[in-house]
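Two complexes come next, and they have one chain in common, chain A, joined by chain B in the first and chain C in the second.
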Partner chain A sequence: MPKVPDEMQLLVDKHVRYIQSLDTRKDELEYWLTEHLRLNGLYWGLTALHLLRHADALPRKELLDFVFSCLHESGGFGAAPGHDAHMLYTVSGVQLLATLDAFDDLEARVQGGRQKIGKFIAGLQDPQTGTFAGDEWGEQDTRFLYGALNALSLMGLLHLVDVDKAVQHVHACANFDGGYGTSPGAESHSGQVFTCLGALTIAGRLDLVDQEKLGAWLSERQLKNGGLNGRPEKKEDVCYSWWVMSSMAMLDRLHWIDGDKLTSFILQCQDPELGGLADRPGDMVDVFHTVFGIAGLSLLKYPGLDEVDPVYCMPRSVTRRCLGK
Partner chain B sequence: MVSAGPGRAKLQLLSYETLSQYFQAHEDEVVEIEILPPAIEPLGGILMQDGLNLGVPKKTLALAYVEARHRFFEGMHDSKLASSALQATKVMLLFDPEHLTAANFRKGWLGALEAEFKSYNPAVYHKALRQELCFLNSILTSPLHRQSKSPTLWYHRLWLLDLLASVELEKASEDQKATFWRAELTAVCKSGEQHPKNYYAWQYARRLMPKIVSPETNDEFARHVKDWCCRHPSDISGWSFLLSLLPRLHPVSKRQGLVRDILSYAINLRLEHESLWVFIRTILAQETLLGGRTEFDETLQNYNDDLGNAKKASAVSERVPRTLNWINTYREAIAVPKN
Partner chain C sequence: MASHGISRGSGPLVRSEEARQKELQQIDEYKNLADLVNTKIAEKHYTIEVLGLVTKLLNENPEYYTIWNHRRRVLASLVSAETLEQTPDELLQGDLQLTFALLRKFPKCYWIWNHRNWLLREGEALMGAEAAHKLWSGELQLINKMLHADSRNFHAWGYRRFVVSQLERFTPTVAESAAHGTSKGLAESEFEYTTRMIKTNLSNFSAWHNRSQLIPQILRERNADPKERRSFLDSELSLICEAINTDPFDQSIWFYHQYLLSILSASCPTHQLIVQDLTNGERQKYYEHEMEYIREILEDEADCKWIYEALLGLAEASLEVDAGTGSFTTKDMRAWLNELKRLDPLRRGRWDDLERRLSL
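And now, the complex of A and B:
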């Protein structure tokens, strides 16, 4: 258990209330600025609540109504009703359904729903290179590849895509510096490292990774103040507590980061009045940094939190149920 | 914000129309847009305009966005309102550059224009493509923190560039082609200054490279980016892009020359920036790229010895031995053929 000064504790109740309040803020600028992230925001909020052991703090039926209102005929999800479908929203949609144990609800509302979603995702794989586009407009990125394997594996539909081709593509994204980028030759970035390692873990091919070199690159991400950054000379940011630490967890090298210092950094990013976590101490909180800070604490074995799955950023109990392992 | 009274509704409309008209009036020019801090209030309260410079109070932008969003969702599936929806997407993307649906709507419109006009009235289509590039330049290279690094907008630009290249480059001279690509690099560098370590701007630059066939343009890019990086030594995205350009330089002596310049620059100025040293260690460990073992190892070792002899420890005196250590650990040596 990490050593934390008594005055620094995780403010569980405040974070729960903060997340509950998010949908009541429609008069605030921020609400509209983030409309393109609404479905992702729900996934972040719900996951944070599960890890905080307040799984029922949001109403299940209303959540599901919203999730289904984002589902297109094509099987893809949009960010909110009326928004175009995209891989990033589709993954959040599937993760929400998985966390709410709602694949049966899906079938009840949309016959063959799971297959439909699976086909939407599979249709975005590039048969030549094995990577995935985000939507019909063709942008390709390892974020989308990871998302595809994440969602398909949760639905038991990995066989719809060419996993070996996808693995080859991820392998081609490994850089000489040890990290991974959005595509072959692209700049190394902790977030992309997470997506590439996540994809390889789902495919059972971590053997392709130069684990020593990548672990060293990741360990250089910790700064003197305990926080982690995403790339050289970037500022520390709470969300990298997740992207870096989950990668370290997949490499079985969590101990290459100073956990006490990181725990203390994450706790300092809490808003002690209204709850939620920010990127850095004193900044404005948001639900994105809230979930990734809490998920980071879960990897650090902070007391009172549910176990997070480092590959999916979901409660381990949920992925165990979906994956049967 | 949404449950607006009549006063608010009027202001919303006024904000939208003023901003929208500004875009309309300057659709053939690149403008520089800045979000004004709350302390600065423009006369008349809506916008601060000075030719191609536009200052927008955050409140104006937010009000305009609400109106734009309303017009967009009202018009996106109604052919009679499509031009109103299209106009609205500019304000939407200025406020929320990750509004994927708004960016896609613009792609759909350009696609339809291509089908309708490309062969029958190509000038109309070409003009629309150029105006789209002006709009993107305005948003991506203005001092707008979130906008200049938007993955959605940079991808939109890449998508647009393929259309533009197919119109402009087919019969272009080598000089015209060089000018075309140079303009893209200029936009990336400017955006990289507005938002340092701009991942998506430099990724865009990387994605241009397979489209560029001229060795002269490759060389020019490498020279230009090297100079840019030396002016921004903590910019890991710039250095990382430069690293990706090296294999494009032929013969190998060009790569060596570039690395030699950077190493002397780092040593002469005693720079300690992590990004610069990551570049140095990554390239020096790749002998295959440098055509074999070079004099650089010795240069670096000598520098390390000098630093070790110095009385005062500094950030550099930690950086250099760690760099050497990394190189020795991960060196990818050229296999020497056995006789």
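And now, the complex of A and C:
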């Protein structure tokens, strides 16, 4: 168990209230300017609540109503009603349904709903290279490839895509430092390392990874203040507590960084008054950094938190239910 | 919803009534504009006027990805319309200016980069090869400006590699260039660009990374013979050694040093090799030379953990080639490992694993 000074505790109740308050901020311009993140935001908030062991802090029915209001005829999800379908929101939609144990609700509301979503995702795979586009406009990125394998595996529909081709593409993104970028030739980046390792773990192909080298590169993300950065010679940020540590967890090398120091760094990023976590101590909080900070603490075995699945960033109990393992 | 680097203490906790009313009015105006655009698009009003509204909305919120999709719907319709209020070229130039202005303000917004990429590809289809070449070349100017503002922006580096790959389709082959006495290929000028970036700031790992990507290509295009390849390797090693000497605490430099050592190894994939016919004897000489150099730096920088890590890496590589070398002993390796543990307690677990792996 990490050694934490008494004054450095996780403010569970404050974070729960912070997440509950997010939908009551309609008199702030920021609420409307971030509508394009609404479905992601729900996934981040709900996941944080589950890890904090307050799974019922948001009303299930209202959540589901909103999730289904974002589902298009095509089988893709948009960020909010009226927003176009895109991989980024489709993954969040599927993750929300999985966490709420709502695949039956999906079938009840949309006949053949899972197949529909699966076909939307499968339709975005590039048959030549094996990678995935985000939507019909064609932007490709290993984030979308990971998202596809994440959502399809949760729905038991991996067979709809060419997993071997996708694996080859990820392998082509490997760099000499052991890391991965957005596409072949692109610089290694912790966020992209997470997506590529996640995809390879889902495909059962971690054997392709230079684990020694990548583990070393990831461990060098930790800075003197305990926080983690995303690339060499960049600043620390709480969200890398997730991208870097989940990757190290997949490689079974979490012990290559100092967990106590990182725990203390994450806890310092809390807003002690209103709850929520920020990128760095003293900064404005948001739900994105809140979930990735808390999920990081879960990987560090912070007491009182539910176990997180490093591949999916979802409660381990949920992925166990969906994947049957 | 994902804020970075904004201080919590920078704004008042409670808004004054006046500020609240002002914000409510801003919300109203923003929502009205968004509703108007979405309604017009739903009704398929793909006109210049609607394009103007779309521009206004994107200037207020470039992260609203659906509006970029709407913009492309309008543009595609305007370009294919029979009566043109604006020529395709004018529309294209307008969007290039819009995205440039927005990128200056929001250099990490994926959707703006994505739209720019779409514009160029569409532009090429409309304009034919010569104009397209000019268009793609112009992108390098934009990227230079973006990287001047933030030399690590990975969107800009990624787009740079993409633009270069597009431009290479137009470039005459190296043989043709040689026959016409024209300038060097793009990979060469890109390589020179990384040199300039590194000389400005040694810690720019994005530039070191791109350099590693370009090396196999330029050697291929130069038709470099074994001798030229060896002298290329030597010049890269002396560049990185000079960098190490300048700032041995910068990890970007050490990762590039590791890269150069990895391409010396017999296990390196052939297409990445700098020297393709390296003998074990030569490998051993390189390792010894590096080790000697780094041990010299050690005399002034005894508290730099990267030095010990590099020495252990070199020792391990050396042992693969020749177990009987006399340039270091197991006792040296044990001492280096102990220094790593002393200087770098954050990664203690890693050094313990390394100790076991090397049986020290």
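We adopt the following convention: the second predicted complex is superposed on the first by the 325 of 325 C-alpha atoms of A that agree within 3 Å, B and C clash if a C-alpha of one lies under 4 Å from a C-alpha of the other, contacts with A are read in each partner's own complex, and residues count from 1 in each chain.
We adopt the following convention: a residue touches a chain if its C-beta (ideal position, glycine included) is under 8 Å from a C-beta of that chain, and two chains touch if they have at least 3 such contacts.
Note that this is a predicted model, so its numbers are computed, not measured.
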item: Fit-or-clash call for chain B and chain C when the two complexes are aligned on chain A; value: clash
item: Which of chain B and chain C A:Ser188 touches, first, second, both or neither; value: both
item: Chain A residues touched - chain C or chain B, whichever exceeds; value: C
item: First, second, both or neither for A:Gly282, with chain B first and chain C second; value: second
item: Touched partner set for A:Gly215, first chain B, second chain C, both or neither; value: second
item: Shared chain A contacts, counted only where both chain B and chain C touch the same residue; value: 27-29, 32-33, 35-37, 78-79, 82-84, 86, 135, 137-139, 176-177, 181-182, 185-189, 231-234
item: Residues on chain B engaged by chain A in the complex (per definition of touch); value: 1-3, 58, 62, 65-66, 69, 73, 76, 95-96, 98-101, 104, 107, 151, 155, 158-159, 197, 199, 202-203, 206, 234-237, 240-241, 244, 273-275, 278, 282, 285-286, 330, 332
item: Footprint of chain B on chain A - complex, ascending; value: 26-29, 31-33, 35-37, 78-79, 82-84, 86, 135, 137-139, 141, 176-178, 181-182, 185-189, 213, 231-234
item: Chain C to chain A touching residues, read off their complex; value: 1-9, 20, 23-24, 26-27, 30-31, 34, 38, 60-61, 63-66, 69, 72, 110, 114, 117-118, 152, 154, 157-158, 161, 203, 205-206, 209-210, 212-213, 250-252, 255, 258-259, 262-263, 272, 345-350, 353
item: For the chain A and chain C complex, residues of the former touching the latter; value: 27-30, 32-37, 40-41, 78-79, 82-84, 86, 135, 137-139, 175-177, 181-183, 185-189, 215-217, 219-220, 222, 224, 226, 231-234, 237, 239, 253, 255-258, 261, 271, 278-280, 282-289
